[in-house]
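What follows is chain A paired twice: with chain B in the first complex and chain C in the second.
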Partner chain A sequence: MSTKVFLNENEIPRQWYNLAADLPTPMQPPLGPDGNPVRPEMLAPVFPMNIIEQEVTTQRWVDIPEEVLDLLYRWRPTPLYRARGLEKALGTPARIYYKNEGVSPAGSHKPNTAVAQAWYNKQFGIKRITTETGAGQWGSALSFACALLGLECKVYMVRISFDQKPFRRLMMETWGGKCVASPSRETHAGREILAKHPESPGSLGIAISEAIEEAVSDKTGQTRYSLGSVLNHVLLHQTIIGLEAKKQLEKFGEKKVDVVIGCAGGGSNFAGLAFPFVADKIAGAKMDVIACEPASCPKMSRGQFAYDFGDVAGTTPLLPMHTLGHTFVPPPIHAGGLRYHGMAPLVSQAIVEGLIQPRAIHQIECYKSALLFAKTEGFISAPETSHAIAATIQEANKAREEGKEKVIIFNWSGHGLMDLLGYDKFFRGELEDYELPEHLMQESLAAIRDLPKPKVCRTGKW
Partner chain B sequence: MSLEEHDGRELRCRMLGHEVPFGYCRAMNDGLPCRRILDCWHERFDVQTFVEAHFSPEQLARAMAPPPPKMLSILELIEKARRSAEADPAADA
Partner chain C sequence: MSTKVFLNENEIPRQWYNLAADLPTPMQPPLGPDGNPVRPEMLAPVFPMNIIEQEVTTQRWVDIPEEVLDLLYRWRPTPLYRARGLEKALGTPARIYYKNEGVSPAGSHKPNTAVAQAWYNKQFGIKRITTETGAGQWGSALSFACALLGLECKVYMVRISFDQKPFRRLMMETWGGKCVASPSRETHAGREILAKHPESPGSLGIAISEAIEEAVSDKTGQTRYSLGSVLNHVLLHQTIIGLEAKKQLEKFGEKKVDVVIGCAGGGSNFAGLAFPFVADKIAGAKMDVIACEPASCPKMSRGQFAYDFGDVAGTTPLLPMHTLGHTFVPPPIHAGGLRYHGMAPLVSQAIVEGLIQPRAIHQIECYKSALLFAKTEGFISAPETSHAIAATIQEANKAREEGKEKVIIFNWSGHGLMDLLGYDKFFRGELEDYELPEHLMQESLAAIRDLPKPKVCRTGKW
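The block that comes next holds the complex of A and B.
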């Protein structure tokens, strides 16, 4: 009775999977400021052409270069665990599996794309990569990848994170990355902010501006920018997670999967596990694919304050202020056809199609779930990962109530050893949840009832 | 209601990936609130009344306008960086 299944290195998937090839409603090409589709050369100042090709490709399978595989072998294939301890604690007939992405050197799924992006940049003759980071997960992953390939890495870390999260900064420096607090004096964008707000704590927006400016203004042409989530090529690189998992489930003797679960921030770790299974769903397999997020600040499972009409119309929103001056409560149901702000377009479209169901979970439930997981499986989870654990427990309890032997798999996207402060607050009882009163929910819905509904593009099959 | 009244409250910022005080959320956007301030804080206290008391409708409209899709924002930043470099070429040296 196995608890975990490894793959041999020669069993690692040799191609990434591209969901764009199979989505029933094709992705619209991204539009530039002039309303016309973005042309590859427009992105050339920040991305090498080999990555731009991956960004726009509609090929179903993309070969993973042997040299990238050689780099990935440092921690891949990652193990797939059967969560026997958790199953026992829950008394569920469900079989629960989790893909352990916390075994990478940086401790999360992020190096899967960092290594690939660094390699493609190097192939293109790039010597230096810039990026931005908040708490440092992405910055540390890219620093690690650049160290493997002998590239310089410059990370603009949001000032408040730089001050509060020194350990990931030290990880970046250990791998040779140069980490500077943003806003910095090293770019026009940073100096402009500092002139107005000398004590600025920074933001991801400022840090991105600085990282892009540095890439664009390098007159040698040997610097490019790298992004750790949202874009298609990032999701593509992450699909190795789900492709490995499918092989490993077979080794466990599983013939079908009932529930696939991941937490979704920008969407890359979720997509990495889920997209290869979504392909099966498109082909007729019956399963639930669940993207989890925090209930306190949802992107997917409730309407956003600001509706995005920008896809077609450019940057001018039609109704940016529709709730200000009225009672504001984010509406609980997304009207469909919306672009979820900050969420990968491929994930957004799969939600609109009904292939993926978003689920919001309260933080206390997440921490309780992470604690149960730590006590039964041993691993201490990143706060984001705890959302996936909470949803898994919900589904396992449901299976018990229904008396069904479901197969549930989730992505354990990273460890929480750098995030123990959140656990500390939970232990001290400093966290709180809030249930929205029904009457406020109804008032909110009434406020948006007569607003124009965005265009919905879906087949209605799911 | 003072501007600093809620500054000590904390929550986990899903963008940055760590705890931040409310004082960050109300001022991180060039002195204006984060565009997600209502989404993130509405469950903790009456943040809407707070922002309406301290920012004009024009400021809030600017702060809370939805962002363009990622690809479009990257293109805009490329253009902005090019303009900055042209306006002040010496600073790049």
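The block that comes next holds the complex of A and C.
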């Protein structure tokens, strides 16, 4: 009885899929501080030009370089599982599948783009990559990728996580990455904050500022910055997940998919699985595509589609996205990767088009779902991933109530072995659910009131 | 360029391999306290009879039950990797392969026997399994297996690890296992020790006594005890590793193997990879089979082949094995799984026969090797596994010096994501190498001086 399908090496996808080519409405450009579109060359101090070209391309298929494939082969293709244990426990007629991205050396989907970005940087002559990390998943994935390619990696890690979660830092150091607590004394931005707030716990926004500052101020031009989600090229690199999954579903004998599910923080693991299916939906296939987020950080289900900054300090270009406002401070839920204020522009536009439905879920339901999954499927899930499991269980229960043999697939984006303190709090009954109060959301949305507005266009009509 | 090979589902091994059938000399029996051989039925209060039968069988091939295969399929076949990155870094003409057992949900090879043992217990009508665990790898693997099969699992965890390493305990709890610190108030043995030493840090010996006591004192007869290494049936269940690896090497185009390497604590992951190759060696193939151990706990390279107890308290049957004496207290090295005083009887007998060569390695060399492996192959290794990597690097360097195109395979028995504090100490320069002083070894060996002696027979001649 088959529970798991791989692909042969000759079946592995050799191109990434770019949803921008198929969206009914063209993507709106990022804007500079003057409100005018950002031209690619303006980003050149931050990213290498080959990545910038990928960021703006509208080509449907982008070749994966042979050497990037060699690196991806180290853990790809990842297995697609039939969740027979979970199905049985739920008594559902649905057939549930999940893509196991936890088998990568860093334990999540993040290395899919990390190795690609590191490779493009190296091709462009870059010797050193800077980035920021919150809980540490992205910083460790980039350190891993840089180790394989012989690049230096410098990670600014939000101080409170740096102090509380030494294990992710140790992963980075094992791969040779340099990890410093942010705010640090190594940048102007960091020193300025420390002068005012010596005890600052840091934030992702500060860490981004530090990482970008270090990249752009390297006079030799050999340093660039890297981002682990949100941007078009990052989502592009992740589509190998969904492209593999489609071939694997065929091997399971499935001819159609009814529901596609992923959790979405910046949007990259969700897009990675979902976009190749969204392409089918655009072409006429009927399916529900569900992007899950915490009820405490409901940017897709309750936020605005607006132009907003990517960082708290407001130094990045303005991106058209679902946002709670760049000054939004999320409550301390355990899914650190889902606490970002904004959503990837490609995912946001697909929501506007009606191709993707957001769904907000409370964290206690997520932990309960992850526990059922651990006991029936055997894998311990990251708190972010537990949101996708919770939505899958909701859909499987619905299929039972409707008596329908639905096919559900979700992205098991990473394991939770570095996140067991959240489980501990759950066992002790110390976790709480937070519904974001309307007035708090309106307060942080007020910060973007005077920014330029994107056109809101649905299914190709402006 | 292929770096990784799986197997198709129809190629997965469907039988385990039993080295006992092929050893030139028959295995010597376990002995009871009276010095007479232990009869199978004497073990019935501890293990279910179907497992006892497997423990004593001399059948060469043992069928893997279909339902056990279904469980193993959840993560098997595990990939066999060609270590191209490591080879390049070493500039060796050797071709290095490793079997990645870290992809299992518990992160090591342990679930291979855990699911089999849980299944046989369930078949026999057992509802509840007790066991002990040191650092927690075995306890978490058995909790995982019991969750999948709907059995209760009770783990006695050495108190010092219970207090210092909460993450393994949290894995057990996530899978529904009950984990208590040992010595506990739940058994006579535990209460007796706590009465004398209320602050006892515990030991594996005490934990074994507690787990066995709980199993044999359940009046309903529905509880049994389970061991994660050392015994014949445990090693048998692990041979799926080597059987898969042989098929995978063929897919890589390899016709012969020159060196087979594994780390050995109780012996199960080593035997799992090595025994199917040892069968070829018995049949005439030339190869080196190397069992690696810490220089601080050198039972194979410096200990005696003798009858000894499996536990510190001396309550188990006497087993013929390489030992440092059951009262041996190993120094606090970081490879917790390699700190056991004895070696599996099957591995020990194969050493006596000259089929396997032990090799002792210091921990700092192991950490250096693991670091090189992380930077070139991308995977972070368990401290136990790092011993196999160190020996592999030694052999690859030797091949370079000799200018020989050797084929080397080792068992990458588990990932080190739960063991990063050891890496931290290594980075800080806080680790030390311990060479076991001769007088300490002689002291603990004195404890077995008056026990019965095994016959020392080589290559079939007594």
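One rule holds in what follows: the second predicted complex is superposed on the first by the 397 of 462 C-alpha atoms of A that agree within 3 Å, B and C clash if a C-alpha of one lies under 4 Å from a C-alpha of the other, contacts with A are read in each partner's own complex, and residues count from 1 in each chain.
The working rule: a contact is a pair of C-beta atoms (placed from the backbone, for glycine too) under 8 Å apart; a residue touches a chain by one contact, two chains touch by 3 or more.
Note that the structure is a prediction, hence the values are computed from the model and not measured.
Undergrad: In the overlaid three-chain picture, which partner chain does A:L151 touch, first (chain B) or second (chain C), both, or neither?
TA: After superposing on A, A:L151 lies clear of both chain B and chain C.
Undergrad: Name the contact category of A:A118: first (chain B only), second (chain C only), both, or neither.
TA: Neither partner.
Undergrad: Please determine whether it is chain B or chain C that touches the greater number of chain A residues.
TA: Of chain B and chain C, more residues of chain A lie in contact with B.
Undergrad: So, does A:A135 touch the first partner chain B, the second partner chain C, both, or neither?
TA: first
Undergrad: Quick check for you: in the superposed arrangement, does A:A396 touch first (chain B), second (chain C), both or neither?
TA: In the superposition, A:A396 contacts neither chain B nor chain C.
Undergrad: May I ask you to decide whether A:L417 touches chain B, chain C, both, or neither, giving the answer as first, second, both or neither?
TA: The second partner, chain C, only.
Undergrad: Residue by residue on chain A, keep only those touching chain B in one complex and chain C in the other, then list them.
TA: 421
Undergrad: Within the complex, which stretch of chain C touches chain A?
TA: Result: residues 1-4, 6, 9, 70, 73-75, 81, 85, 103, 105, 107, 144, 147-148, 166-167, 170-171, 173-176, 371, 374-380, 417-418, 420-421, 423-424, 427 of chain C touch chain A.
Undergrad: Help me check something: in the complex, which residues belonging to chain A touch chain B?
TA: Spelled out, the residues of chain A in touch with chain B are 30-33, 38, 42-43, 45-46, 134-137, 158, 160-161, 164-165, 188-189, 191, 193, 196-197, 201-205, 208-209, 212-213, 215-217, 219, 227, 230-231, 265, 293-294, 296-298, 304-311, 314-315, 317, 320-321, 324-325, 327-330, 339, 341-342, 345, 363, 383-384, 419, 421-422, 425, 432-434, 436.
Undergrad: Which residues, counting only chain B, touch chain A once they are in their complex?
TA: That would be residues 10-20, 24, 27-31, 34-36, 38-40, 42-44, 48, 52, 57, 60-61, 64-82, 84-85, 88, 91-92 of chain B.
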